[in-house]
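Take a look at the structures below.
In what follows, subunit A forms one complex with subunit B and a second complex with subunit C.
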Partner chain A sequence: MMPRKNKPKRPKYQYFAFWYLVPTLIVITAFHVIPIFFSLGLSFFSWDLISTAKFEGLRNFRILWNDPLYWLSIRNTIYYTIVAVPLNIILALTIAILLNQKIRGMDAYRLIYFIPVITSINAVSIVWKLIYHPNIGLLNAFIGLFGIPPQRWLLDPKWAMLSIIVMSVWKGLGYNVIIFLTGLKNIPPHLYEAATVDGANRMHQFRHITLPLLSPVTFFVSVMSIIGSFQVFAQIYMMTPGGGPMNSTLTIVYYLYKVGFGDFHFGYASAIAFELFIMIFLLTLFQKLVVEKRVHYQ
Partner chain B sequence: MKSKSCLLCVFAFLWINFQIACSPANAPVSGNRIQINFWHGMGGPLGEVLEGLIDEYNAQQTRYIIKGTSMGSYDTLQKKILASVVAHRSPDISQNFEALTLKLSRAGKLVCLDDLIAREPDPDTFRSDIIPVLLANNLFDGKLWSFPFNKSVPVLYYNKDMFREAGLDPERPPRTIEELYEYARKLTRDTNGDGIPEIWGFAFTLRNEWNWGCRLLSCRGTLMDEDIRKPFLDSEAALRATRSYADMILERTGKFAEGYDHQNEWLGSKIAMFESSIVSRVYLKDKIKFAHGVAPISYIEQPAVLLSGTNINVYDNGSPEKIEGAWDFIKWFTSTEIGARWSLGSTYLPVRLSSLNSKILQDAFASDTNIAAPYSQVDSASFEPRIPEWFECRIKISEQLEQIYIKTAGMKNITPDSPVYTTMIQQHLGNMQTAVSFILENSLDTP
Partner chain C sequence: MESLSRANQVQRFFVHFLLILGSIAMLFPFLWMVSTSLKSPEDMLSSSLNLIPSQFMWRNYLDAWNAQPFARYFLNTIIVAVVTVGCQLFFSSLAAYAFSFFHFPFKNFIFIALLGTMMIPQQALLVPDYVILANLRWLDTYLALIVPFTASVYSVFFFRQFFMTLPRDLYEAAVVDGCSHFGFYFRILLPLSRPPMLTLGIFSFLGSWNSFLWPLIVTNSTELRVLQVGLAYFLSEAGTEWGLLMAASTFSIIPLVIGYLIVQKRFVENQAMTGLKE
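So, the complex of A and B:
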């Protein structure tokens, strides 16, 4: 008879811990998991909430591919991402480096940069809408000091998206600053000391120590920022209702919202959501497989 | 023991949430009165007028109690109604646009008001007292699925002081489009000669498909055919309607503004005239610091206005008592005297001819000449196409108009008879026609 193998006894708390997770799991399942699969299924139907949903196969996707507004919304979203994300990262890194000094009142500076992050996007949008106002806006008053004629910032297709980008970068800067600051604090000081001894100047140190060792943080920030940029909505809704002049600020999520909650084509809106999911997924996969190879983990 | 307590707390939390989720949204009976839930989109001063009348109704009878809930805007109201219908928790009555009424009636969610009118002592008199265009607006396939509630018309607001300064008669506002052009030219001021006027003769909102539609009808055009399947948006009438606004932009005598900016500029005497809904008067009246006038909008060939606003629906929630209560309130609210008071307080058109001819309104017309402008346009009023896709079509119209106005504003050294200018407008009207046709042919709505 084979000797009975003594299996390590699992502690009871492992099972019990599951019950602590139940409320969260219910919320996540009810408001995330089920809607995701429901939305995916809905993309093959036409449904206006009231009538019975009708199976349409791939019709929504076929219409989508021939919908000029959908392609315009993708173009606008890519434009937003290409400008806003690098701008945000460069500014956030610069400010984080400046805030990583030992000077008086540093906590106050950090707080100032973080305040926009915790301020309601709706309130911020209203304030910025006033700043951009063509007649009474602060921005036109400011550029007027230099003899520049007033601009119709949110009314001009040329400026509308850029105006939204500037506001969005300002709003989201503080979050990335904090992330970069944390990354900077984790770089061992002895590396800089050794580099100084070897005669490296500040620029060399930044290029060969700071940037490589910050790369995991930069990678994280860029992934999150790109995902966030593809989902930009609230500021568009608040500042340029309707998608801006000549649809110049019509982004994918805003278009999805318009189609779903404006025209009540929930099947079509779900198809847009599904395409957006695929886009973000592929982009993140690309970053994971290609860009992450350049990341230096300590 | 501690673990059991925690587990108990978790279950208690879940149970409480379950109970809240399953509890009825609104108690059907308040005390011994039947509660009627009325969802509306009225906020600000209009909401105050409405709530005041609801309170009055609640005080003057003891059987029903109306619980008015403002959703803040029509947009939110529409979303809440759809969600409530899906959740089988719809209100008892609500404001609705025609497109949603059509969907809800087809889905069997509404009470047909013909059945309720039939129970009135004199149904024919009851029905014939409703202003004809409002009655027609609420008939779907010959049946009354909604009741007129708050319909407004566009009007022309003007600054009488600026009229005087420009040598114009403040008591004789422009009636025809030619007069509007002429007045705007006289009122526009470019004091520093930089080509950008400091004072503009005329202004309108950038997305002005409503006013544009009125102009189109005023030159005997039509938005769609009778079956509402074929649009006529690239017609000669559409071109004239578009040019009636764009020409003023080109001449720098008129300009467009985002949202309600032009109204603020008018309050600041930077604009002499603007077109907007009569309802704007409710929001503007306490802020106007100059002598002002309100007149019917200018027309191209014949006076024409499109109605805007919502009607009221009664939901079939399975309670005959609630339906009775809802109908009782609607009858009271749209009765001759209350309807006239509602109209006077909100500027919306009254529902009944008897309200229009009532002493309350007639006395008001006599005391303030600005009050009469919307009512004088009732005879030339019609309504927009009532199809579920209409709001999508409106957006397409508005998008193309927006492009025309923005491009026109950017044109320099171009005269209104320039082929470049006319071709640009025709191209966009062609796009408008294509986009709206596409919506109608490829409706995403569930059949």
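So, the complex of A and C:
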């Protein structure tokens, strides 16, 4: 055997490697890195893209602070998040647990639950818009069977956001089911066997084995779902154009779109975009620092 | 064979019952979409719960197809998706090659900085990217739809993870045999990379096919509309012609569902894997 060298030989730099990075670095720099600084800069100006930009200092942020529509859009986004994310996770986990057994037709079920995920949100938004239609919609016809009076769903400020949420959960559920299912399959079966020998019932097993061992997966799923729900746009645009009755479905990204590309207030839209960026950034950071410490890793 | 106890049977029945109920909830909107796409306007007013149309309006499909230049929308969507995915796989695998096989200054710094850009939500970039594209005079061109998405940090990361599992001797042996560094990438690494190529290819294709907000903003003319934007226009223009709208939804979903059924096994497994690795 060769004696082990104390110091590994310092490898020579292979400068040609930079060439391989060029395409990716150019595109990322031009369309991701520069824009984020540009956006921050732009938020100090008022600008409509055509006339000369005017420096306004912090004025955009001050207006934003007092903009009722902005606060409403944040409120709506938070409402969407705190209803849709737990609903999605609870349903997805339940389905995954049901699927995580040696049952016939497992592949078929998996296939079915995943179909809404791959279909495009715009096409299914059109379908759901008709499902929610007050006169000829499926939902009102269905609840009519139980004697419940028809509702105006997407046209009613009380129901509009909930309708969007139900449709979004239906659309995104399968994705989390598959991720939970993989997580469940990674839990060693001998743990359950040992627990059964010790006389633990199903509920105990779920609480003391499944949930703790699944927590990294649950963590991953919730971070991704929360970030995703802060970016909701397409279904709002398609199903409740304009932001819904009494702006009840106006989300942050929809408001950003409206201000930027409806009114062409680019500086103001940049201020909104920058706050959205900070929010998502902090959310990710918070989850990484605080929640990740508490979850159980094998 | 082990015989099932009574309690076990009941439990199994219960599990299937719940799963079938869920499956109906997942599939019924699609079934209803197809059924409604074949209904006449009068038919639609009668009962929404009736799944069989009194008269099959196959014409709805033809009328919907002609109401908007859907052929063009499909073509645009396919062109954009294919070119985007092709470039993205090529550029990302090149970058990952550099990160996993070579030493160069600031290697870790660059890699971590790239990962950091993944924290930036796309929506925060809409306004500045729009301005940049306007200055490049790329608005309302294919370039605006394609170029910003030809790089993907996620793909670089994914390829790198894959390349790290390959034996390092592979490279040294190839170089001894007179292979250039690009030759190694092209003749040895690429053929080995089929699994990550397929996984990433499927995902970015789907992402490109389904993207909406970006093409909505950066294109204006009908000739450049992609399918999702076309659907949005159709919805605002056709208003209450629900038969046609459902027909359009149906034919825009069908290619995805067929493609999904073909690749589903690999797709679902990889989805879960990529989801967990992060």
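Assume the second predicted complex is superposed on the first by the 276 of 298 C-alpha atoms of A that agree within 3 Å, B and C clash if a C-alpha of one lies under 4 Å from a C-alpha of the other, contacts with A are read in each partner's own complex, and residues count from 1 in each chain.
Everything that follows uses one rule, which is that a contact is a pair of C-beta atoms (placed from the backbone, for glycine too) under 8 Å apart; a residue touches a chain by one contact, two chains touch by 3 or more.
Model, not experiment: these values are computed from the prediction.
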Which superposed partner A:Phe16 touches (first subunit B, second subunit C, both, neither): both
Touched partner set for A:Gln101, first subunit B, second subunit C, both or neither: second
Which of subunit B and subunit C A:Leu49 touches, first, second, both or neither: both
Which superposed partner A:Phe31 touches (first subunit B, second subunit C, both, neither): second
Touched partner set for A:Leu289, first subunit B, second subunit C, both or neither: neither
When both partners are placed on the shared chain, which of subunit B and subunit C touches more of subunit A: C
Touched partner set for A:Gly242, first subunit B, second subunit C, both or neither: first
First (subunit B), second (subunit C), both or neither touched by A:Phe114: second
Subunit B versus subunit C as contact partner of A:Phe261, first or second or both or neither: both
Partner chain in contact with A:Met203 - subunit B first, subunit C second, else both or neither: neither
Residues of subunit A contacting subunit B in one complex and subunit C in the other: 16, 20, 23, 26, 49, 133, 135, 241, 261
In the complex, subunit B residues that touch subunit A: 3, 6-7, 10, 13-14, 75, 79, 82-83, 85-86, 103-104, 106-107, 109, 206-207, 258-259, 261, 265, 270, 388, 391-392, 395, 398-399, 402-403, 406, 442, 444-447
Residues of subunit A defined as touching subunit C within the complex: 11-18, 20-21, 23-28, 30-36, 38-39, 42, 49, 95, 98-99, 101, 103, 105, 109-116, 118-124, 126-131, 133, 135-138, 140-142, 145, 170, 173-175, 178-179, 181-183, 217, 220, 224, 227, 230-231, 233-234, 237-238, 241, 253, 256-257, 260-261, 266, 269-270, 273-274, 276-277, 280-281, 284
Complex interface listing, subunit C residues touching subunit A: 12, 15-16, 18-19, 22-23, 25-27, 29-30, 32-33, 36, 44-45, 47-49, 87, 90-92, 94-95, 97-98, 101-105, 110, 114, 117, 119-132, 134, 147-148, 150-151, 153, 156, 181, 185, 206, 209-210, 212-213, 216-217, 227-228, 231-232, 235-236, 242, 245-246, 248-249, 252-253, 256-257, 260-261, 264, 268, 271-273, 275-276, 278
Touch list for subunit A against partner subunit B, complex: 16, 19-20, 22-23, 26, 46-54, 60, 63, 133-135, 154-157, 241-242, 245-247, 258, 261-265, 267-268
